[in-house]
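In this document, chain identifiers A, B, C and D correspond to the written order of the chains, with residue numbering beginning at 1 in each.
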Amino acid sequence: MLDRLYQKVILEHNKAPNNFGSMADATHSARGTDALCGDDIQMWLRVTERTIEKAQFSGEACAVTKACASMLTEWLEGRGVDEILPAFEAFQALMDDADRPPVEALGQLNHLRSVGAFPARRANAYLPWKTVLEAMQIPSGLT
Amino acid sequence: MLDRLYQKVILEHNKAPNNFGSMADATHSARGTDALCGDDIQMWLRVTERTIEKAQFSGEACAVTKACASMLTEWLEGRGVDEILPAFEAFQALMDDADRPPVEALGQLNHLRSVGAFPARRANAYLPWKTVLEAMQIPSGLT
Amino acid sequence: MTAERADKDVRGLDVEAIRREFPILQRRVHDKPLVYLDNAATCQRPRQVIEAIDGYYRDYNANVHRGVHQLSVEASEAFEAARAGLARFLNAPSDREIVFTRGVTESVNLVANSFVRPTLSAGDEILITHMEHHANLVPWQMLCEHTGATLKVIPMDGNGELLLDQVSELINERTKLVGVVHVSNALGTVNPVADICQIAKDRGVPVLVDGAQATPHLNVDVQALNCDFYCVSGHKMYGPTGIGALWARAAHLEAMPPWQGGGEMIEHVTLDKTTFNEIPHKFEAGTPHIAGAIGLKAAIDFLDDWGIEAIAEHEQRLLAYTTERLSAFEGLRIIGQARAKGPVVSFVMEGAHANDIGTIVDHFGVALRTGHHCAMPAMQFFDVPATARVSFAAYNTLEEVEAFVAALERAQGMLKQ
Amino acid sequence: MTAERADKDVRGLDVEAIRREFPILQRRVHDKPLVYLDNAATCQRPRQVIEAIDGYYRDYNANVHRGVHQLSVEASEAFEAARAGLARFLNAPSDREIVFTRGVTESVNLVANSFVRPTLSAGDEILITHMEHHANLVPWQMLCEHTGATLKVIPMDGNGELLLDQVSELINERTKLVGVVHVSNALGTVNPVADICQIAKDRGVPVLVDGAQATPHLNVDVQALNCDFYCVSGHKMYGPTGIGALWARAAHLEAMPPWQGGGEMIEHVTLDKTTFNEIPHKFEAGTPHIAGAIGLKAAIDFLDDWGIEAIAEHEQRLLAYTTERLSAFEGLRIIGQARAKGPVVSFVMEGAHANDIGTIVDHFGVALRTGHHCAMPAMQFFDVPATARVSFAAYNTLEEVEAFVAALERAQGMLKQ
């Protein structure tokens, strides 16, 4: 179980995250913190006509958050703004049910489903998502 | 045990207390209440040159309080004001130690020692004393 | 669930089976079997509550909400499951609307300090009833004293029923809150809370309900009542001491500033500025009474297992029987004769002070309560210094009522001597 | 007491015997023996505490202070005996100076609202330290925000020691209270509380001490410290959840208005006017956490039985050994290196977030805490987002430290991959 959480792909995203660094020409940005565990990230988006051209993140966080932010920024590029919330909902459903088959549309974010077995860590996997939704001012209904 | 608490002499004082009623020419008076159990008495004293000429009580109270007030008012008559606190201390000591021999000076108040075995009722036996001390403005150190 | 229990609806409550769940009922007092009729003060705890507390301490004791380790995860889940259980029990729309407190007293103080106080000014009014427990009276008095607001009171009649027709006159544009006890601990009266809420809500006035004596005996549905705040004490409903809750509408909780400050209730703290956590955590400063919440959940399960309607039916039978038996006593007066009553009988007896009654029946094993029951204004209304009170729970029996009546006869005889 | 225990002073603490007193230590986590190193968050409970709670519920459960019946008398006596036990444990001059609360958080809020708030004006100052737990920070922030008073801070150095020489400058005629944590839960620092009290008392300023992490590890003597308020949490000192206390000088308690209103804290109530009970009851509104107080008394007995000095000596050995073992880790930095420390080691490790460390070692059975430990300003001072923290109790062993070190090596290896 532990090996699935700290599997190679997640650890690699943690050590060498993609799209890491702040973005000078972002159109949207938000800060996401999880004071409890010390995560403090900023998600950066450049959006043109409701399409995400580029996504980045910066800040400090644990492996789960960093891996998720790294994968999510990759996933976001080229997506429509309206795809985010449904994808997040599918992502949450994955966490809640270990038996659910991978969701193709989520791509490599499927790797993070192993977080579902670690209730204390789910908030980490959700933080990049929630921060993006906040940057785009999309109400997530998640508390 | 119960029979000793509700012994004849106590029940008689309860039913037909001595010195019952308010006193028009009292020099000292105080109200004593025990809100918890509903006792609400007034102790009345007529004092001349630090001698208690007459003591009375009025109000509503349980058998223990009434019997004590009745006996205490009898005891007080003719006593010096300075005798009250030492007598009360002897009375308390009686309550704390069932094996202690009766204290002659307390007279019939010795009957009340059986209250000592009923921790929830001690406050009743102390109330008339405390009220007299308050009427005389003698600090009792008892809370 | 055993077959015995499953058919409880057909043949009523299996009281003997319930009694076996309460270890304390084996106890003897002054060499007599314990007859515990002081349930309105605090009731006894069934095995499953005691074992839930025990189980937490033996198996997964840890602090909640802040840990990644296994024990902490288990403790947090159990703690939040307790919140969810209580929400469901009260039919609250959301778990987020349950704030854990020490009991009704703290719940009322929380509402007084956090909801009412910030907007209360001199001349404003708080409306309560003449039969409130001090818990739903003193906090308002203190607040009124502090702000110059006025405490007004819904009167009652000689049976201990509220004069409902006066409520709408008593509410005006200065009324900031109506506070009402659901079931009076001193008189037994079950108040028409839904009606009062309707009147108040028509005028836009929020209503707080003191549910201390309701949750063990009634099916409480905060949405059906349409109140704004509902206060609960665990120890009155078979749960542990030191735990209770406030249910409040989420919109109120969100608008309310926090009351106590500390860990858990914050989101982010610097020396200069602090942001607060989401509801309900914003109101739960410090380490909560984790074992208490878990025990309370077990108490709710107990009530659900046996069925609160079946319990209430049984208790009403005890109430009716006791009322009838007491009416045979010379000089005995029942204080509180409302048509709808919880299983509480308060009484006074000529020539026998409540305190003496209490002491004497105790020596026959009967535990009842004497005094003002923390409802002194109600005592003043009935012009009695104190009453003796018997109050019932699921495990009481008609035989116990008989034992009490016999002991009371002895008390009367003894004091008459 | 067995012979084994009697000679504890000669040959140190019999840790194996202590371990047998803690049922939870039999537990396995992720198929490994539980290594519980999260004691600063909440420690485990010995059998005698669990049984004291159990015993109350099984044998003499009743409400306190208001009953004449036997159970109520027994419960009241046990409850008041707990108060007396705690008074003695803290060397308080009088039982009347012990107010039961839910824990340190509520104790501080009580002092903030009842002692400080009534006299606090804009421009006044409260002085705390940079290493306070949120419990002794947020209530003062809220109060300052409300009144326009200013919160000032005693700074610390890079080891986590207070700059004592700055204290007298920081105190002035506007300082209304000094608040200081006795032992820091985040850094381990044992603060020179007696010295701070001396400086403050010379200037006539009262001092509140947060004793959450002190009572399980130090012999606390409030008279020797010469403080004004001392705050305690039961669950940090082997006691139950939901119970704690405030010790305060009687003169302060007498001068303070009540904070929460309700039953128990009143003497006489009418609809127009209420008079309050004596101390400490004036501050204990509502039904208290009776089982909690009784359990806390058992925890004090536990500490007395084994001897707090012997326990502390053992814990200091664990602290020294852990500090040494951790110094061998590459990229590991211990946060908080004061000369006098409680048994707490906070650390960060390069390339390994505290949260990930926590999750990984948990899978080897090791429970430690990660995060800000409710001391965010201290985290900000050391410029770390979070730390991992191990903290010890009487039942921990050197073998457990080894198990933790081995698990930490695995975590470091895993995250480095």
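Here, contacts are C-beta pairs under 8 Å (C-beta built on N, C-alpha and C of every residue); 3 or more make two chains touch, one makes a residue touch a chain.
The structure displayed is predicted, hence computed values, not measured ones.
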item	value
Path length in the contact graph (chain A to chain C, fewest steps)	1
Remotest chain, chain D as reference, centres from CA atoms	B
Computed distance of Cα centres, chain D from chain A, in Å	38
Geometric centre distance via CA averages, chain B-chain A, whole Å	78
Geometric centre distance via CA averages, chain D-chain B, whole Å	46
In chain C, residues with contacts to at least two other chains	66-69, 72, 266, 268-269, 355, 359, 370-371, 376
Per-residue overlap in chain B, given as positions that touch at least 2 other chains	35-37, 118, 120-121
Residue ranges of chain A touching chain D (in the complex, touch as defined)	1-2, 5-6, 8, 11, 14-15, 35-40, 60-64, 118, 120-121, 124
Residues of chain C defined as touching chain A within the complex	65-69, 72-73, 76-77, 96, 266-269, 278
Residues of chain D touching chain C in the complex	23-24, 27, 29-30, 34, 36, 38, 41-42, 44-45, 49-50, 53-54, 57-63, 66-72, 102-106, 108-109, 112, 130, 133-135, 137-142, 151, 153, 233, 235, 240-243, 258, 260-266, 268-271, 273-274, 285-292, 355, 358-359, 362, 366-371, 374, 376-377, 380
Complex interface listing, chain B residues touching chain D	33, 35-37, 118-121, 143
Touch list for chain C against partner chain B, complex	351, 353-356, 359-360, 363, 370-372, 376, 379, 384-386, 414-415, 417
